[in-house]
């Protein structure tokens, strides 16, 4: 019997605690968030009805994936050499999940955008748990009016289609949409491999815009340093992690797997490296598909990546 | 590679067809439905954040579970001795999925209720694919003003808690809420077994109200006839099927499994038996949890039950 | 993440509750048991090193399989039409697991025999959770000096080898050993099918002794009544359930599966039928192999059978 | 580590025994078979390249599925009340697998046909393990010149398409091709359910020919007797078992699963019932797809069905 | 429901497209191939009846594993920095699968040898998808009369037994047979680890012949450069990839797994490195066992390795 | 059908060989061991009833995981460049499994301690297969009176709690207990990551004691050399391997998984590196949980690590 079944069993009798990520305080009213960091679930933004729902349970699954450690938050976290939040007094809240409408992707995007904008207005850094890979579009949209952004993406695919059968806001167009936002000054895309939606012309458009690509093959050959070198010291970085950027051996729970993805330490080290020279202005993790998890290991892996982000953000004050 | 991966792969290039159940025409605008029967996905209504999302992908999974047969809709369906819709001219549409807000269960219920009410006003019979087992509350609410209802429920649990820690609209209170609706004149609950949320007092309340229970043990001992005998000829029947009412050997994809559930033919035969003496005024199937499916067999089973409902409704005109 | 992982996670921080079956009080000192019914884990008795350990985790797995319901023990149990213990004041304790020595099967048997004998001396009815199918040998041995026993066995195999390569106390000899105990006056074996260890001569020996066999084919053809007819009213019945007697579709977690086993209701109904005309003097469930469980469903099924036994014993006073 | 891995491991060192079904003697030269019964593997006949190979490993998987019992062949078989071959002196051989050419279905059919014809000429009854469901076409073809056949089929689908995109020998046309053979005098099809390849016209053609259908729904409602009543005493019966005729809960290892199939005892009892009034002139089992087996249980189930056929044939002399 | 089920479902109605690898044109008549590169399925060559069939479905499974990308062949392939075939005008065809006879391994070898020889005569480079690891014997045999070959093998095992119980053409003897071919001038074996069929004397024989071994431990310690250094610039390289050479975490779908195998990028980088200094005269991938795949990821991995080979061959003209 | 099923099947008929690790001679009487190396199974020591039994079957599962290679022990082992035991005349025995009492952890510890002490008195090096991670406590206790020990631990967790709810000998206190043994002069802990039971104060205590930590992040950044540098040449090393120290992608079969663990070659290379400069005085492998293995690959991985230890010990004389 899995934990969630047990919880349900208990709830039948007691309707006990609604879970938050790692037991951080719940903050359902985004507009009232008093925190440095806020976790926000975005089950779905996708305009493709047959795609998005596969990821809709992801925020719940990722929260559940690490729930057993919620009472150990003050323990030593060996990825940090101290507790998760260190000796900071950072406040972290979990705003729960946003509503979504499978038939109304503009509405989904608007809701996501408003929620993130609200957090940013309150100087709360967003940690968004998707949902499909069209979610970064409204998330990044919300940074309008804030400092110019460097977007660092981990993804097996580059997502630079202008449109797919008329649809301009799907998961194949994410980074092109980002490139059109005036406040995105720099894009670094890490982990591309194999074949995806992009045609050579799409790739060329990205190069012409100025995107810096570090493919999975590059990464295997040259390591992470070249990626970090692309980020100017002091930059405002938004880090978007499509789970399929990771290797399927550690992250099978994705819609579009491709062999040869990043290892766990590559992802973590990249995060820590970025935090050492830049400010992590926001983060999202997308494309997690619970139905393909194997024994909950992928959810745990995703959750630990979120923990690393939170620990780094906390240390940045 | 699963079908959905292939579809995504193809979509990266072509964004091809949004899938509907068995390929029936899409009808995203519920208020414009011109049909006798409408499929409606309701990903979630639950007030319990840690529960509902496990079922949010269910409508998609159930549609995908039978997608390979969409082009064979006119073939012989041996459960009917003719094509699925027979020689009727019934029109069936798929209205897609309703929006939901994980943090706003009153809103979820309102949306579900409005959608079903709209269908009923247009004389369209609803086939609702949940979503968690609090969904029948707003679905049944929408029948206000229509003919008195006989509710037939298949479920491992009776869902008669008045409230659970103050929450009155959760999945443990579904049938009690139904009993409070003036237009519900009769409730028959089939398949209860083992221990659930109900305490002896809850069960007694249900008996006092007049609920007729046919437990799973009763069913094993006496078969389906006693169930059918409880339904008056000509009744308006709403059939609500909690997937955990079925046996886990054929339906492992549920939140709260219990051994000893209904077999496939018990469910199908009950449906056909009801249709022979009463009118199927509506149907929902809830608590399907895609992450626990084994090789897609549970989704296929759920989809075939939906097919049987549609075929029966079509024949009723 | 599964429940047990969560528990471990919590324990790293808090070493919380040692679990007992359904939350019944722990009673590690068997000699001090003040109860009508005692659960006793017997991880292993087997003289075959390569067999027994596959089942050693079974008591833990079966307790874990139903742990989510421990706080709901007073709820309505629909298999009984009332709470699990009804309105009885039966006391049920969980004595935890016995020690075992993989290299010392006589010692294992001695320990099991002593533990059961101690319970019987104290008028506590034993509910033994194995462990492999050689466990009933010492369990039945402990009934020496008590009322003559009718042994009812559910098993795919008849276990009537006199010895296998010199070993007389292995899982292929269980029922022959039982037949040699003067206080076993009647043996009824239900569910035999396919090929097992028994040769025709072994089967003939069993017939000559007076064993009544109801094979799985008989059961399919004639139902449970003939089995119940074999038990005299008022008999003292020991019920031994080898999990492989059940069908692999509901009980894949066994060492030696065979298609065509008993369904869940056949097992439950047999238990209830026996309790209606005889006294359940003891029970064991053996051969559960956790590594072959699928999503914990087999553990839940085993646990619910144990619940039924406890509820019936409680009602017998 | 699974058995086959262990065998491979050993073979790396010792190339030990090539396995036969239940350890029966190997007889690679079909033309020299001295036996009453011969097992024959037919990996594939299919004209559909994307279908057939999914079943090509089936004969090996089914032999492996019961290999642990090869040394117990003389033990009591409780499905027979005696050893598998009883007190007969029936000789059973395993002729191994036929060659197949994925690109040459006429050649595949010719090879299968010749092999079966050779066995029949030598008065050896064939037990054919497929392979896809186009295999019965050449198998039945080989009965030309022998006694008129009653074909009893268990299948979820009726396979009565005259052609599919020009192909007349695919798995959707099996029974229509059978109906065209002069020596097939009677066809009984059991287990049809849901939607398959057949259109209403195909079904009508079958009815017009004289096929007797007992659908899965009929079977659930009325049991096996009506099927047996359709077979005249003394008939020569060819029994063809498409694995998808069985329920997916016991037989998930098929290409085209459908809920509501036959249970294990329904299949076994039908076999025994037929053998009691008719002569089992041949048998095939097809559509077993090893990649979808769960823990080898489906292979064991298939193998036990084959055992039952062999035991029945042996008793018929 | 998996893609193949969907396809079958569709085929029941429409018998649509027979699939080829990545949608390349089918060329069933090998003798008429007009192409630079031909894919050829060889389901089995094995003389061991209990081994070979486990891999017989591999060509189908690998084709299916990447079928979703067939329509995206002209997209950017990030492993190449351009489309899969780049700006070459290379023609690639898929010749489908060869026939095989489980009882006739000389015949299987002859068929494979003839097919490859035919391709080579037509200056078509073969990409052979096995089948078991005895397949490279006839494949390499077909290179007689062509330029001297350097054979580069990735494998957990060295396959240098002279015979195993008299059998000289089994999967334990592959590389020794290769060493006896006059046109094989150089053998490099990469990835050996743990224990396999080879005895110390076999290993010594290989060293005496001149084989260069780079064990998995060597590779972990020193990387790929030493392997590439062993290949003279301008060599004609045949690359044979036994899937068990890869690590089980990315390639569980093998008969004889061993921990510590090559990672994905090690395999890809070795291929690209070889292509940079030598000519890839042919390729095979063997020992893929579909029944052990997990969610199709191993098939996708195998298919992407085949894509890399095709892309490299195309670029070599 | 898995190997163990086959064995059971055979045993029903023949009770054949009790298996030992890699077929080494059995030596059930520890006090009579005439060997340089002894394998010893310790199913459980845990004081936590709900934890230990999950690992109780581990020794059996690990022996079974490599059983197919037992007859190939003299073959070339490519991790050694020669047979497993090389040209040494090392004698290796398998002492089978120790008894354990789930309710008596002091007794479990005493038994383990006595067994290891007996081996050490006879100059036999112990290779202990657990069981849970409290097992190293009594194992290390047994080294009292022998040469000062350097303990090298691989583990995701540091196990330095002084007590957890009063329990001082649980799996969260293992290394603190070790630090209190006068004969443990040095502790090196490798692989810590994420959050476990340790609080910052526990970690500080370990640093104060003098523990050298090489976290998983350190290892990723700097490799194994820093670990080896911490071990003085000629040290007596006890190597304790908690399976959760390995990465879940190669070792999912653990109670408390954490992403980012050691790879296979990291573990093997560390072992070989230690053996090159120090004496491997003993070894244990703990926390292997069979129920979470995937296709037996984790058991094979664990078994190969044990093989490497044995080969290294044998070479040290």
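A, B, C, D, E and F label the chains in the order they appear, each numbered from 1.
Keep in mind that, in the parts below, contacts are C-beta pairs under 8 Å (C-beta built on N, C-alpha and C of every residue); 3 or more make two chains touch, one makes a residue touch a chain.
Values in this document were obtained by computation on a predicted structure and should not be read as measured data.
Chemist: What pair in D-E, E-F or A-B shares over half of its contact pairs, by residue number, with A-E?
Modeler: E-F
Chemist: Could you see whether E-F or D-E has the larger number of C-beta contact pairs?
Modeler: Counting C-beta pairs in contact, D-E comes out ahead.
Chemist: Determine whether chain A and chain E, two copies of the same sequence, contact each other through the same residue numbers or different ones, counting it as same when over half of the numbers at the interface appear on both sides.
Modeler: Chain A vs chain E: different; shared/all numbers falls short of half.
Chemist: Centroid of chain A to centroid of chain C, CA atoms only: how many Å?
Modeler: That pair's centroid distance is 49 Å.
Chemist: State, to the nearest whole Å, the distance from the C-alpha centre of chain B to the C-alpha centre of chain C.
Modeler: 38
Chemist: Just curious, how far off is chain F from chain B if you go by their C-alpha centres, in Å?
Modeler: 52
Chemist: What is the distance in Å between the mean C-alpha positions of chain C and chain F?
Modeler: Taking the average C-alpha coordinate of chain C and of chain F, the gap between them is 34 Å.
Chemist: Which residues does chain D have that touch at least 2 chains other than itself?
Modeler: Answer for chain D, listing residues that touch two or more other chains: 5, 7-9, 12-14, 64, 69, 72, 75, 196-197, 249, 257, 294-295, 300.
Chemist: Could you please specify the touching residues of chain C with respect to chain F in the complex?
Modeler: 4-5, 7-9, 11-16, 18-19, 28, 41, 43, 48-51, 53-54, 56-57, 59-61, 63-64, 96-104, 107, 157, 164-167, 170, 172, 196-197, 255-257, 290-291, 293
Chemist: For the complex, give me every residue of chain C touching chain D.
Modeler: 158, 192-200, 202-203, 215-217, 220-221, 247-249, 252, 257-260, 292, 294
Chemist: If we count contacts the way the header does, which residues on chain C are in touch with chain B in the complex?
Modeler: Touch list, chain C to chain B: 69, 72-79, 81-84, 249-250, 264-265, 268-269, 294-295, 297, 300-301, 304, 307.
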